[in-house]
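Beneath this line is the structure, given in structure tokens, with notes to follow.
Chain naming follows the written order as A, B, C and D, and within any one chain the residues start at number 1.
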Amino acid sequence: MNFASDNAGPAHPSILQAMVAANDGYAAAYGADEQMRQLRARLRDLFEAPEAAVFLVATGTAANSLSLATLAQPWETIFCARTAHIQEDEANAPEFFTGGTKLTLVDAPDGRMTPAGLEAVIGAQGQRGIHGPKRGPVSVTEITETGTAYGPRGLRAVTAVARDHGLPVHLDGARLANALARTGAAPADLTWRAGVDIASFGGTKDGCPGVEVVLLFDPARAEEFEYRRKRSGHLFSKHRYLSAQALAWLEDDLWLTLARRANAAAARLAAGLRDRNIEIVFPVEGNLVFFRCPRGLHRHLMGAGADYHLWEGDLDGDDDTPLVARLACDWSARDEATERFLSLI
Amino acid sequence: MNFASDNAGPAHPSILQAMVAANDGYAAAYGADEQMRQLRARLRDLFEAPEAAVFLVATGTAANSLSLATLAQPWETIFCARTAHIQEDEANAPEFFTGGTKLTLVDAPDGRMTPAGLEAVIGAQGQRGIHGPKRGPVSVTEITETGTAYGPRGLRAVTAVARDHGLPVHLDGARLANALARTGAAPADLTWRAGVDIASFGGTKDGCPGVEVVLLFDPARAEEFEYRRKRSGHLFSKHRYLSAQALAWLEDDLWLTLARRANAAAARLAAGLRDRNIEIVFPVEGNLVFFRCPRGLHRHLMGAGADYHLWEGDLDGDDDTPLVARLACDWSARDEATERFLSLI
Amino acid sequence: MNFASDNAGPAHPSILQAMVAANDGYAAAYGADEQMRQLRARLRDLFEAPEAAVFLVATGTAANSLSLATLAQPWETIFCARTAHIQEDEANAPEFFTGGTKLTLVDAPDGRMTPAGLEAVIGAQGQRGIHGPKRGPVSVTEITETGTAYGPRGLRAVTAVARDHGLPVHLDGARLANALARTGAAPADLTWRAGVDIASFGGTKDGCPGVEVVLLFDPARAEEFEYRRKRSGHLFSKHRYLSAQALAWLEDDLWLTLARRANAAAARLAAGLRDRNIEIVFPVEGNLVFFRCPRGLHRHLMGAGADYHLWEGDLDGDDDTPLVARLACDWSARDEATERFLSLI
Amino acid sequence: MNFASDNAGPAHPSILQAMVAANDGYAAAYGADEQMRQLRARLRDLFEAPEAAVFLVATGTAANSLSLATLAQPWETIFCARTAHIQEDEANAPEFFTGGTKLTLVDAPDGRMTPAGLEAVIGAQGQRGIHGPKRGPVSVTEITETGTAYGPRGLRAVTAVARDHGLPVHLDGARLANALARTGAAPADLTWRAGVDIASFGGTKDGCPGVEVVLLFDPARAEEFEYRRKRSGHLFSKHRYLSAQALAWLEDDLWLTLARRANAAAARLAAGLRDRNIEIVFPVEGNLVFFRCPRGLHRHLMGAGADYHLWEGDLDGDDDTPLVARLACDWSARDEATERFLSLI
């Protein structure tokens, strides 16, 4: 009953087998390997973006920070949801890579920024001329940290605000696969056709040991990204093992199959919780389920071996206080674990 | 006949098999996995350093830059050999991670700094008070970029200069295994017992897909290193695949076996070149061979399929000019390739 | 009727005369001048801090950023009021000087943080271990950006929260003179005795052409501050002109006289506005007055030559909407201007 | 007999009087003052650059670092003379402001880079693709740190090398006035017509209390410079005192008069030393004289009250060792001091 993180699950076996298969003889280092060439072509096809620059890194923080540093000047501020990973979970990595931008937070009640909310915050930020930070990129997340997904239209509505102000758009796609699985949208429809300039497409939470694709839809930004990746230590010498992961993950749309499995597991969990009159806090549109129940029940569940994180408060205290918790499903989540978890309630 | 880089060779199969074996069920993320616990204990044993803090990252640039940032203040200068990887091959990564230190270069005729050379440079740097950078860490490399190795005594003589000035010492151990194989020294004798404060112990060039151990012999520096790793995107969520690599690499001293193989291949190459009256430029004390021959011969060798890098000049020009080139041997280098290469001369 | 900024007013003539007097023959550069020696002694007396390190810079942004960089690690977050100058008006200078800290904002209804408000925000920030920024310094402002002053007891109550969490405290004292004039507190009571580690004591807004004192009550931090000042270009070669300003400003408590004048002018303005039934938005406890009146009246006042800044909204729009504006009084504010301004209403 | 530094001398009285005169009533802050408007026009005339963006800062380090940060990307390296102020005397300020560029040093036997020397270094730097830093701006100094001046033709020959490689050019003009006085060149001929993109024009060493002009000949770079100045704390609120200094310094070509005086004093010193068979080390082409004499004589001179800096070695040791020292003449240097100094020999 491990719902702690989609990072806690294993990789899909076929991806590791592809790494083993790639381990044959010599291969050009630093991304000049043959598999990277193939991967680049595949990704350009998948995203209908024949000009896109494609890079691989091993962590989501690297993908986000390098992308934001490529889009933002150090004296700008980045607009993002109050709950965004870049704000909450990267220990000032965006500030480090950008040379000291600020992050300006937009309320996002269910994880998604609204066009009006974004407009209000952008409007407020920018009345101090040279004294305040300049307006910089808007960063959106698919699926959001609270498990909701922008659809193509919703995403376009948000990016339109950025465009109106002449601001570029970054998409943190650590769980983009889950959003694509949920919405059925074409990858282009949740990225460049929706106004995104740089997107990550995360493999790590979707069945890879550790690889994140970064797509720069404007190839003029590629050289800057490449130097930033190198000088932050994120250019792998034995790059073939990243290439092989990503290639296997794309093979026969494995990425989509795995994301659908994770989403389905979350949907089952949510349905079961609802059946038991447990409150679901945010719409379940990916592989994350947020639910609220009394502390005593959390203690009971965890005591029985369920592994997941509280989203607010902690286990110490009275039994009755309701607390929100997060369940994260990965591709390997098994129905038995779900059933066992639900049966405990 | 691939002698281009020890990064071009494959990983040892048993290391990939260990990654496959690690791919079973759930594991705690971000370095809290069980294999990391085992690995930490093993490394502390191997280095006779029961208090050392141990971290894993995936690239040598990350290992070096994070270590230097932990040892240096932004207003200091780092002393290193003119040929050091941190100076030549990391696209200003140390400057980025440290927040803008300078690197002050020490002549190192065969890749090794001499105590007198280091003393002279440190002495010269530091006469300007607040106007010049303050003296900061000394960074040494094992084996050096030109293939020579410090022995324990030689290393102690260099670090003694640092100690006399109250400066900490960093060891870039991307090829430390080769130095240990060559010198037969105990790991402690080329690190903390020789006055090193933070050392990397590189797996990537010695048969791993991509893992570098960082050892902080003063555990009081661990928290800083840990935050720096996190905020530079070098903390892996699915950390178990790094742990598994490193653990398999240590198993039955595989690291030493592989380094010995690479060193032996280089020794064979060097002997064969000397037999053919080709000048060997630096003492061959690891897995790198630098040789000088006329450009025409380089063209002939490369034309026949030998893959290696010129260390000076380029292939365009007259036949007679002598040019230095580097041959890098990895653990998988085969005798046939060596023989074929030598037979071409 | 210039109430735009305390930066728009002239310097006190005696301060410029002191600069002229200092312009005699040779003087040691870079702060080794004789006047700096005298100044250091005077400031240590005034602040009852015989060990304090004392530095001069020319701008408030430099004073704040250098102080915060000395107190914060790059992976930390700084706690400050939502309206703080370091957040609103320094174009990411703290982020630049610190190497990329975050600023975590505390609601401060009247400009002052409350102990409970600060405690809540510090508590919330720090539940993510290595993934979130670490808790860093607390920054307070005297007088606040909205014109209110912490008294010694109120300030101690806020800094006590920082101390309980082991966090250092910075005081942005760009208008500390106004707070001292208002509260009658001893300088020590609004700085180190109230738990402040580094404070600025601003001359620029209080009658100097451009000088800010920085006091480090723990002299062990002096070397770091000194290097940071040098490498940010804030160490003046002809330092005597900074020393002379500051010395003349301290002479016969001129700093206090000037701050009292500015405060008195603000008090007169506020009283006059209240008499005319104009709403005063924040307690007037220094040289700043915030008032709310219909946009039409703002247009009338500005049209008649009153120079001040709207704090919200802009002049375009209907007449009736009430808008908050700020009046800043400097030491040279004249009663006639005040009377004329009030008579316009 | 103060020849320690052109920073140790006083300001010209008329410049301080202009500051006093500027101290009248209210003036717009942050560079929007009327005097700045006038100054901008004057400087554009003087430099025959009607489009140039003009900024003021208070220190040479700020001028250099802000200019270099505007011209260089963080992953680039800056080419400069081994003796350059930005390398030797700014405590890593360029590295800080640029976000971590490297400085690559060019041998400059008499302080001036040669076109061939620069070409060789640029050529060597750039053979490592993404692994090495990218080639960045070339920084030249007028007059050089060793007292020599580039003439227009010599400067063009150096900048031509930069242009051939597509690299921008920065001019550290802390003593540009001395070079203009020496060469008689038009300001344009030692700046933009000689291929310079951004130049400083230093007032501080030429009779001002503390002001440096920065000229960006391509106004498209102005916004970036402006944000960088603001966020580094170098935008002065009471800017009028900088404007007034600079305006008075330009009045009736006072800047030129003062630089000529300083140069003449140096010429007299050099002539007197040569008459006494003291070796002059570098051509004396500005206000700096480098001479070599036995340590015993240095001790004698300093013991008799001469104030100047040794350029190598120190006073401790035998009498006979010859040591190089620097004499810096400022505008206020008096003939009596020169005569007295020479008479001591």
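Quick note on the criterion: contacts are C-beta pairs under 8 Å (C-beta built on N, C-alpha and C of every residue); 3 or more make two chains touch, one makes a residue touch a chain.
These numbers were taken from a predicted model, which means no experiment stands behind them.
With respect to chain B, maximal separation of chain centres occurs for C (centres as means of Cα atoms). By residue number, more than half of the contact pairs of A-C reappear in one of the listed pairs A-D, A-B or B-D, namely B-D.
Each chain gets one centre point, the mean of its Cα atoms, and the points for chain C and chain D are 34 Å apart.
As a whole-number value, the distance joining the C-alpha centres of chain B and chain C reads 50 Å. Our note on geometry: chain B versus chain D, Cα centroid distance of 41 Å, whole angstroms. Residue positions of chain B with contacts to 2 or more other chains are 30, 74-75, 90-92, 96, 99-100, 130-131, 134, 227, 230-231, 235.
Note for the complex: chain B touches chain A at residues 2, 4-5, 7-11, 13, 16-17, 19-20, 23-30, 57-63, 65-66, 90-93, 96-97, 204-205, 209-210, 227, 230-238, 241, 307, 332.
Put simply, chain B touches chain D in their complex at residues 74-77, 88-92, 95-96, 98-103, 128, 130-134.
Looking at the complex, you find that chain D touches chain A at residues 30, 73-75, 99-100, 130-131, 134, 224, 226-228, 230-231, 235.
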